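Both complexes shown next keep chain A, but they swap its partner, so chain B is in the first and chain C is in the second.
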Partner chain A sequence: MIGFAWPPALFALPLLLLPLVIRWLRASAVPRLDLRAVEGRAVGPLLVALAMLAPAALILGLAQPYLRGGSTAYRGIGTNLVLLIDRSSSMDDTFAGRSPQGGDESKAAAARRILLDFIARRPDDRIGIAAFSTAPMLVLPMTESRTAIAAAVAALAEPGLSQTDVGRGLTLAMGMAHEASASDSRAVVLVSDGAAVIAPEVQTALRNLAARRQVNIYWLYLRTKGAKGIFEVPEPGQADTPHLRPERHLHIFLQSLGLPYHAFEADSPGAVEDAVTEIGRMESRPILTRRPVPRRDLAWACHLLASLCCAALAAARWLERRYAPRRPAPLLVPA
Partner chain B sequence: MNAQLHLFDALAWRLTQGLPGLRMGAHAGRIRGAGESFADIAPLLAHPDPRRLDLRRSITDPLGVLHVRRFQTRTDLRLHVALDASASLGAVAHADRAGLARLLAAGFAQAARRARDPFSLTVCAGDRVLHDQPPTRRSLAADLLDLPLAPAGRGTAALEAMAHDLPQERILVVLISDFELSPDELAALLAALRPRPVLSVWLRDSGFDAPSPRLGLAELCDPETGRRRTVLTTPRWAARQAQLLRDRQAALRRILAEHGLSPIEITDSIDVAELAASLSEAPL
Partner chain C sequence: MTAARAILPALAAGLALVAAAGPGIEGRRELRDVLIVVDITRSMNVRDMDGASRLDAARDVLTRWIASQPCGARVGLGFFTERRSLTLIEPVEICTDYATLAGTLAGLDWRMAWEGDSMISKGLNHALNRARGLDAALIFVTDGQEAPPLPYSGPDGWREDSPGGVVLGAGGDQPAPIPKFDDLGRETGFYGPTDVQHAPARIGAPPTDAADRPGFHPRNNPYGEADLEGSEHLSAMRAEYLTRLAGERGMGFARLSAGPAALQATLAAHAPARRVATHRSLSPVFGALALAVLLAALLATPLHARKETP
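Presenting the complex of A and B:
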């Protein structure tokens, strides 16, 4: 759909009819054209067309036309992905559990870097971002805009808060995934370095959400050195309560939801990268998504066309010849 | 130009056939009577003019019949100039053909006056008559030099209508035209002029015979129809134009020859001496 930034210029369009009245080349009178050789008949209409096209293109250029932007639907390979990212202050530590020093990379920074790479490799994903700390935060609704997603991930570089309310964060993320699409696959990727006890009412809400619609859940557990793993079963006699082993119990809870669930335990940036690659491999399904089409300025094309037409007309004037030079001889042959 | 009109005094025309008519003039008449040129001998009783009794023939006649000598009478001849001033005459390249036509009309008027022949003129522009001068013995040459001549119109409708109104005898039609006509148009015009003797004067512009072969664009406008055409001029195009024009001119000459005419071709300028020579040789 074409729009114009300055439509009043279009009122000058009737000017393009002038070449039908005013000829570009000077005519030389030649008697009985109908009895002469008929050749090059297309040159005249071509010149008139050029002479009409030049002002038309110029006027259209002044009106500054543009193609309206928007988005087009297409079928790609990807998924509706909600990134649920832990913003607790412990994420700002390194995998070794220290504050980053020198060339060290914090867990949050490694997660950001690897997720940005992951997003860049998957152009068809529709992605939403949520974060949780003391409270869940909707960072970015589901969108196809890669710049918005990249900006949202980059914005997670702000220092984190203290608490880890993973339960309500999961509720928010699963809600977002539910709203994203009715037919395509949906996935929630939880990136955290810890967990917390999920309140019973939140557990109920999560079970209800899980019962309503299928969502693939991936938990990328950034394990700090010395922390207990989520797959570690406590030895007999050791306490195994959600308060002492919240990560293990969150893992058990997520397994109990009855949804496709995969947990990855990563204790280094390389392991995070492997886990993310594996998630990407598993979440490559056909998806009906939309590709943004930006507004495109067309004035330059009009001005270019007008310039080419003017150049062609100038060349025609340069090539202009008379049929025969007008040099009338004296009436009488000089004696 | 007025001073050079006397050059046209040299123009003279003589018809091969004798003319009927009693009015005294400079041309051979068909009627026998008094004159300078001996014609034949006739019996006195049939032509009772004893002043021209042929004694030798009368004496030697075995039957004793008296004979008289008869002479060719002289009579006049109306010179009618038919000028085709259709719009094509106004196209100028190397010749001002309208000016040439005006000068020729004045020159023939001058020559007719010198030959004591009545002179008439019709200027036709397409289907309109621009100027119609009835036969006169007055000297019109100087006036005709100032004749306002604005070529216009197309075709030969007025010329053909004029031909139907002309007398069929004792007239010589001088057809001055650029002959920018199709063979069919020319044939129709000559058929309308028949059986009058016609002297065709072809005004040619050498500029239109061979266009410039330089590469370029030329916008052409037909002065008769107003039609325009833009052409890409190339050496090949120019050669083709010239060839087609030569073919058309040959076709026109063939049509004229079929009517017993040999056109006097004037290219760009009038050479009066050459015109007079051509005129004396013209088949009239």
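Presenting the complex of A and C:
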């Protein structure tokens, strides 16, 4: 699509009718058609055409045409990915469960670094970010813009908030994934270092969402030293309730949703990296995504064309000759 | 005449060629990077902005303000509740990521609040620190309703360097009721006088006029009983309070209802600008000149046919 930066200039277009009325070269009152070579007969209409084209190109140039930017659809390899990030304050501790000192890396910082690497390796993903603490938050709607994604991930560096309400966070993330695309694959990656009891009404909402459309769910559980694992089955006789073992019961709940689901337990930055690589391998499917196309200016081409036309017209004037260098001799000489 | 006829088209060709080469002059443009922090506490749900809620009005004005900014300006987004702000997106260039910013702004919702408190002076200080860390000025949208009410010692001060910015006051001047929502987010009415705290918690030094309050007793009731009723369940914009907070922090105060232009004017007065070089194309000027010269060249030919003379 072509647009004009200053369309009022186009009102000057009738000016290009002038060359139809005014000749570019001089007219002669003594036409001598037989003095003009046959192959030169195209010169007249050509000059008119050039004299019309030159102002037309200049007027178009003044209107500053451009090819509209925007985005084009193309087929890439990736997925519609919703990152669901735990913003509870425990994420600011290290994997050893202490506050970071010296060269230590907190769980949040490790997750951020590894996710940024991951995103940089996958140019075709459409990514959205949701976060949760006591309440779910929409951080970034689904987007292809890498700068926006980087800015949103960088903002996760701020210290976290209070508690963990993973259920409502999942509802938000699955809703975002549903809206992202009707045909391509969708995935939710939950990054958290803990879980919480999911209220019954939220469980129902999640089951309804799961029944509506398929979403692949990945849970990257950042296990702090000493915390119970999600795969550990308690010894017989030990209590096994969602209140005491929320992580294990979230795992059981997610398994029961009937969706493709993988849980990864990572207790070090290295393990997180392996898990993320594995997720990336599984989430490589054809996806219809969009690539931004910059706006392109076309005025220079108009000006160049006008310049060539003007040069040709100038040449015509320089080469202009009279039809007859001298008055023709009379046909009949009176006696 | 003859010379002009030969020279003018060549001149037009030259001018058009110059226009095609795209000459320009260097200009300077002032850009302001901004972190927008929106108050999403309950009082922002009050519908006293021509029928729209304060939050909706804030979204509308901010989206229009972002759209009016020159390319190259960077805008970040965050929100405020409890006593701190949370940044959602660090400042990004607005022309590349306008859609994202508008989407995130549209997604701002009172339900994101992780707590219901609204300690504005603390939140403002936190947001200012955050903005300074991001090297941006601050636009803080709030209605100025502290909940719970300020302690008797007054609001938190500010003693550090300020990045500047604007406190944007949302809401009308007439107190209006605050909508109340249930657990599932359905509106169930309005806050009543018995739902809210009307005076600061009875912690710390009592107010100086406590002795004059009803029910005062130096040992058993040093705060008096003046905090049992009040109008904290209604909300109006506290323009005076916000102006004072803004003044202490080197920021300006503007009303949300005044629109994006007033916001821009206040921001220009209270936030430092980043100067960038711009390239202003002169192609249209050369193109117009070329057109004029070409028309002159066309008209330089006599309209009447020439008589051939020996």
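The working rule: the second predicted complex is superposed on the first by the 228 of 335 C-alpha atoms of A that agree within 3 Å, B and C clash if a C-alpha of one lies under 4 Å from a C-alpha of the other, contacts with A are read in each partner's own complex, and residues count from 1 in each chain.
We adopt the following convention: a residue touches a chain if its C-beta (ideal position, glycine included) is under 8 Å from a C-beta of that chain, and two chains touch if they have at least 3 such contacts.
Owing to the predicted nature of the structure, the values given are computational and were not obtained by experimental measurement.
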For this session: Using the touch definition from the top, say if A:271 reaches chain B (first), chain C (second), both or neither.
Result: neither
For this session: Using the touch criterion from the header, give the chain among chain B and chain C with more contacted residues in chain A.
Result: C
Exercise. What is the contact status of A:332 with respect to chain B (first) and chain C (second): first, second, both, or neither?
Worked result: first
Exercise. Regarding the shared-chain residue A:109, is it in contact with chain B (first), chain C (second), both, or neither?
Worked result: neither
For this session: Applying the touch criterion given at the start, work out whether A:282 contacts chain B, chain C, both or neither, answering first, second, both or neither.
Result: neither
Exercise. Thinking of the overlay built on chain A, is A:67 touched by chain B (first), by chain C (second), by both, or by neither?
Worked result: neither
Exercise. Should A:26 be classified as contacting the first partner (chain B), the second (chain C), both, or neither?
Worked result: both
Problem set entry | Interface residues of chain A shared between complexes with chain B and chain C | 23, 25-30, 322-324, 326-327
Exercise. Once bound in the complex, which stretches of chain A touch chain C?
Worked result: 6, 12, 15, 18-19, 22-30, 51, 54-55, 57-59, 61-62, 64, 87, 133-141, 143, 145, 147-148, 151-152, 154-155, 158, 161-163, 201, 292, 299-304, 306-311, 313-314, 317-318, 322-324, 326-327
Problem set entry | Residue numbers on chain A that touch chain B, as the complex places them | 23, 25-37, 39-41, 43-44, 47, 316, 319-333
Problem set entry | chain C residues touching chain A - in the complex, by the definition given at the top | 5-6, 9-10, 12-14, 16-17, 19-22, 76, 78, 86-93, 96-97, 99-101, 103-104, 107, 109, 111-115, 130, 184, 283-284, 286-288, 290-291, 294-295, 297-299, 301-303, 305-310
Seminar exercise, completed: In the complex, the residues of chain B that touch chain A are 1, 4, 7, 87-88, 90-96, 99-100, 103, 178, 180-182, 205, 207-208, 211-212, 214-225, 227-233, 237, 240-241, 244-245, 248, 268-272
